[in-house]
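Okay, so subunit A shows up in both of these, paired with subunit B first and subunit C after.
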Partner chain A sequence: MALSNANNGATNVAARLQKELMDIMTNPTPGITAFPSSENLTIWTATIEGPSGTPYEALVFKLSFEFPATYPYSPPNVLFKTPIYHPNVDFSGRICLDILKDKWSAVYNIGTVLLSLQSLLGEPNNSSPLNGEAAELWDNDMLEYKRKVAARHKTPEELDAA
Partner chain B sequence: MPQQSTLSFRPFSPRSNRLADKASSRAQAPDAPRSRDADLHNLHSNQPTMPAMELSKDVPDSTDWLPTAIPAFSHLEAALRCEVCKEFYNNPVTTSCAHTFCSLCIRRCISVDGKCPSCRSICQADKLVMNIAIREVVAKWQDARADALELARDKGSASDSGKKRKVDDTDLEDDKEPIRQTRARSTRSGRSAGAPNPYATVEDSGGERDEYLPAGFVRCPMCSTVMKQELVFDHVEVCTGENTNRTTRSSKLNHVLKDEGKQPHLKEPTAPVKRMAGLNYAMLSEAALRKKLKELGIPNSGSKPVMVRRHQEWINIFNSNCDAAENVRKTERELLRELEGWERAQGASTATIMKKDFDGTGHGIAHKSHFDKLVEEARAKAKKRPQSETRIEGRPETERPQAYKDNEVAFLNIGQGVEGLNAPGGRCF
Partner chain C sequence: MSSPEPIPPPNDRRGSRASSNADISVQDGNGVMVGGPPGSPSPLQIRASNSLNSKNRRRPIAKQPPDVHLLEYCHTPDSNLVCLICHSPFDKPVKLLCDHYFCRQCLEHAWAAQQDGEKTCPTCRSKVDVDKDLRPVPRIIETMLDELVVKCPNSKSGCDWSDQRANVHDHVMLYCVYTLVQCPSYDCRLHISQKDFHKGCLHYTVSCENCHTSMMMKDLEGHQRTDCPGRSTNCPHCSAEVLRLDFQAHVKEACPKVVIPCSGAVLSCTFTAERAEVASHQETCVVAKLAPHFQEQQARIERSEARLEPLSRRVGILEDGLSNITSMLYPANSEPSLPLSEPLDPTSLEAFPPAHLTAASDFRLSPNPFPSVPQNDVPQTTQPPFDSQIHHLLTMHDSLREEVSRITNALGELDGRTNMMIINESQRQKDEMLHTNAAINSMRMQLHWLMSATLSNRNAAGSSTARASASTAAASGSANSATRGASASAGLGNRATASATLHAPLRRLSDSTRQDTKL
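Right after this comes the complex of A and B.
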């Protein structure tokens, strides 16, 4: 059986990421993209579209994924590259999401993480905020919240220019 | 991927084994909405090439079926793959919560957090049981896959009308070797031409090409005796060409077939291999753990956390090998090599061992000529530089930093040399 040696350490991460890439390219999910960087398969760039009916509607956010050698047994390191105003994201783009920390499971993949992040945009977890001001505004002053979201956002073109 | 940016239709090349080819041909598959692909290209137009290191490997996966005549097989195949590694189940085991994974995959998950990755309920390694049925299905599917995929691809490109139709015999006759033919046929259910149940009777009516032979068996071209494929070449050397009579031929074949069908059931209950128990690492001192690793015959270098991780992985590799079918079980030496491969892949986390065990003087002796050459080069440069430098600016202070600059070149070269040698087998991936 040619495939029985697939579990051999060194090829683990690369093999699994290749399969994920195949999967994403052949079954694309609307509002989500992901692609590895040109020189390193363990570093990916992804984008999510803000879900409609939320303050993030029609905005596109860029993220970076870094996969450890122990992936998928440990979660990828995910950061928002686009500045985002959100209760569970700090100003350097670090994300507070349980499935990226202690609730990680080896069956999750890039697609499921991106979908979870997309739904986090519309349903922030305000009980453990990284950005306290955003959590308060979300609960009390939606207009001001929307203004702050728009002020902080940059389009991918603006990001590339900077 | 440069090919991607064109939206023209590319015919499927069944023999192509390059990821780039696969990806681009699939991206054009009718199932994939083109606008999404176009978006993807635009978004990543600044990084259009695939990581070069990965291109040479073929990645068979369930999406191979999407552009064929039987796209539904991609779901079938996805169901035969482990959710953790996305490979075909390798030594499948079932948890107490009834989820199935590769033995090694679930064991690794359990050593990380002790939970089932699918439902997050508590999971124990000693509650895992082999799933022999899935193992058999996967093995047989893998045997049939290449031929089935080829057939499905041919059908897909030849005619769309033939999507659900059963394949005719005439399609199979086209310049394909008999063995392939019989294999492809054995994958079809409900075929009843000639022999309704191939396991009961074998019709030997002259038409050799219509005869059922189990996968891996062929007829000797001279005496027509049925034998295993790998034996036929040795046999032909000594074959007298004498045709054994009809009854012995079919009875032999029946015997062979009977063996094939029964073997797995007879074999399984025998030889239960003793699985290794875990250790309570908190109760063990570093020295005791080091001794334990030595007793087990695995490397015992590094700090305690490094040894703990190595021991855990060793138990996982060892016990998952116990879940393998007897005939594919690996030797301890192969397992040790796997452990070594794993340790190398961990890279940064275990790099401290390498530094500690690095034999500096040995390395110096082995590469003396290389160092000497570097020193010479550096000296030659040092002689050249000051002249050109003083022409531009005559300040005396420039002389000292200049000397450091040349050393830097030498250091860089040495650094690169050492790095290249330290990385066993070059890159990690």
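Right after this comes the complex of A and C.
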């Protein structure tokens, strides 16, 4: 019984991820891409573009998604693969965002998560930062902040090379 | 009907009564009872339902119902009909107070992580009271969902069915031959598709004779049809490339180079040539054109004959049963004039004794219960002519059935009447018994009175011997009064018995009149 339930869960995750993939391919959102890895449908790679009018403008960030067997009833594990200087992201790429933790809802999907992350870039939550220095610079010294963002950033090509 | 027993010899009707009655109830396959009172469950029906149950017990075909969430839709569904959790069209949707719709199952999954009393709408996070805030969705939504066209879940196995979603459950559970069922073998726990069920357990390893790959028997046909590198061969006759699996069928039905006779061979055309040549010959051969009609007629005649045989047996058995019943009803009058020996002869029916019809016509046979046989010399105008022998037999069968039910009714009525008579009779007996009891009681009282009188007399005599002489007159007076009392009481008793004997015939008279009016 437990076995068949787990099986069911796995097939349902696959079914739902397949539908999301179809969705993303037929209605692409500008500034956002997402694609599953060739051997495992539950591991995806995604990219977001930094929104214009923010220190991240014209920069592209790579992310990884890992979907648990209980998806969409529990959130995917999302990490920044591109190093990023941001108050709510630590140096290993872990993200502090409520909708990826306790505020997760089963109606979210890859697209909505990526859009939320995109808007997080322009509007960091400075009340509970993972990177205190970045939070302080965001509030007080935007020039220095921009310099640090540029220094930390790597283009996808540089990433692949490393 | 399927196993007609041999008809008992016609001259041994009384001896075979029991067995032929049993035959009737078994033969009557329509559930209408012939051999018993209508309304009670026939033993045939009971047996039929039992055998159905036991059949179901013996073959547990546990099929998996289709998972609506995994169905494949033929057209992209309207985005308004798609659940935001599973991204499929809704399955048994519910509506929350905030007007957000979800599949019931998706919602339950999403809520499994949340505490009781803290359930929220997955879309807008408004609080939800699970007991009160779940509403059914409008009927039109359900209808639109039911009308979405889906593919059969077994489409990968080869089923090309597609229809409205409302029908997919029935298709998978009842009709789809690709649905997996439990292997018919008891010691095998694997599944097999419905279409291979009758082939028995196919879960053993075989080696493909063409490429020597080993695989399960159940996969062999698919392998030889699509995957096997050596799956096709060249026909030795026409050198066309055909699948080895289809080679026999090709030679038998399609190969243009195989030598076959003209299809008019059944009607004595002797032409024989290669299939392609025969085809052009048949364009002109008259006999070949007639052959299909001929064969069709032949088949039809054979079918009719096959149908006729059990029917005639059945009619014979029914006739036999009816004559048994008739002889049961007239045990004393089994004269040769009764329609026992020749129930189908209308002339003997006309010789039916009229006394039976006048005595109590309600449970006698009607004058002409049997349809008459159309005779060549005497054309019957009252009976419509019968189309065929079968029609005739059917009509006869129906009338026999009516006859039997009429007799059943008559028997019931007779039974009721007899019961009434018995009740009346016993009532009268009871009344008489009461009278007799009353008479006995009064006699007992007189006896008591006499005894006490005698005793007191004796006491008086014992205590007053001294005064005996002085009071002879008084003693004789008392003795006189005693004898007078005794005679008076005896007269009373006499009168009581007289009244009893007088009353009895009177009552009997009134009883008999009552009986007459009631009967």
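What we mean here is this: the second predicted complex is superposed on the first by the 154 of 162 C-alpha atoms of A that agree within 3 Å, B and C clash if a C-alpha of one lies under 4 Å from a C-alpha of the other, contacts with A are read in each partner's own complex, and residues count from 1 in each chain.
Heads up, the rule we're going with is that a contact is a pair of C-beta atoms (placed from the backbone, for glycine too) under 8 Å apart; a residue touches a chain by one contact, two chains touch by 3 or more.
Here the structure is a predicted model, which means the values were calculated and not measured.
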The chain contacting more residues of subunit A, comparing subunit B with subunit C, is B
Answer with first, second, both or neither: which of subunit B and subunit C does A:97 touch in the superposed model? neither
Touch check for A:105: first (subunit B), second (subunit C), both, or neither? both
A:13 in the overlay: touching subunit B, subunit C, both, or neither? Say first, second, both or neither. first
Regarding the shared-chain residue A:40, is it in contact with subunit B (first), subunit C (second), both, or neither? first
With both complexes overlaid on chain A, does A:74 touch subunit B (first), subunit C (second), both or neither? both
So subunit A touches subunit B in one structure and subunit C in the other; where do those two contact lists coincide? 8, 11-12, 15-16, 19-20, 23, 72-74, 105-107
Could you list, by residue number, the parts of subunit C that touch subunit A in their complex? 67, 69-70, 84-88, 106, 109-110, 112-113, 122-123, 125
What residues on subunit B touch subunit A, complex-wise? 19, 22-23, 26-27, 29, 31-33, 36-37, 39-40, 43-44, 46-54, 57, 59-61, 63, 66, 83-88, 90, 102, 104-105, 108-109, 112-113, 115, 117-118, 120, 139, 142, 328, 338, 341-349, 428-429
Parts of subunit A lying in touch with subunit C, wherever the complex brings them together: 8, 11-12, 15-16, 19-20, 23, 72-74, 105-107, 109
Subunit A residues touching subunit B in their complex are 1, 3-4, 6-16, 18-23, 25-28, 30, 33, 35-42, 45, 47, 69-70, 72-74, 102-103, 105-107, 156, 160
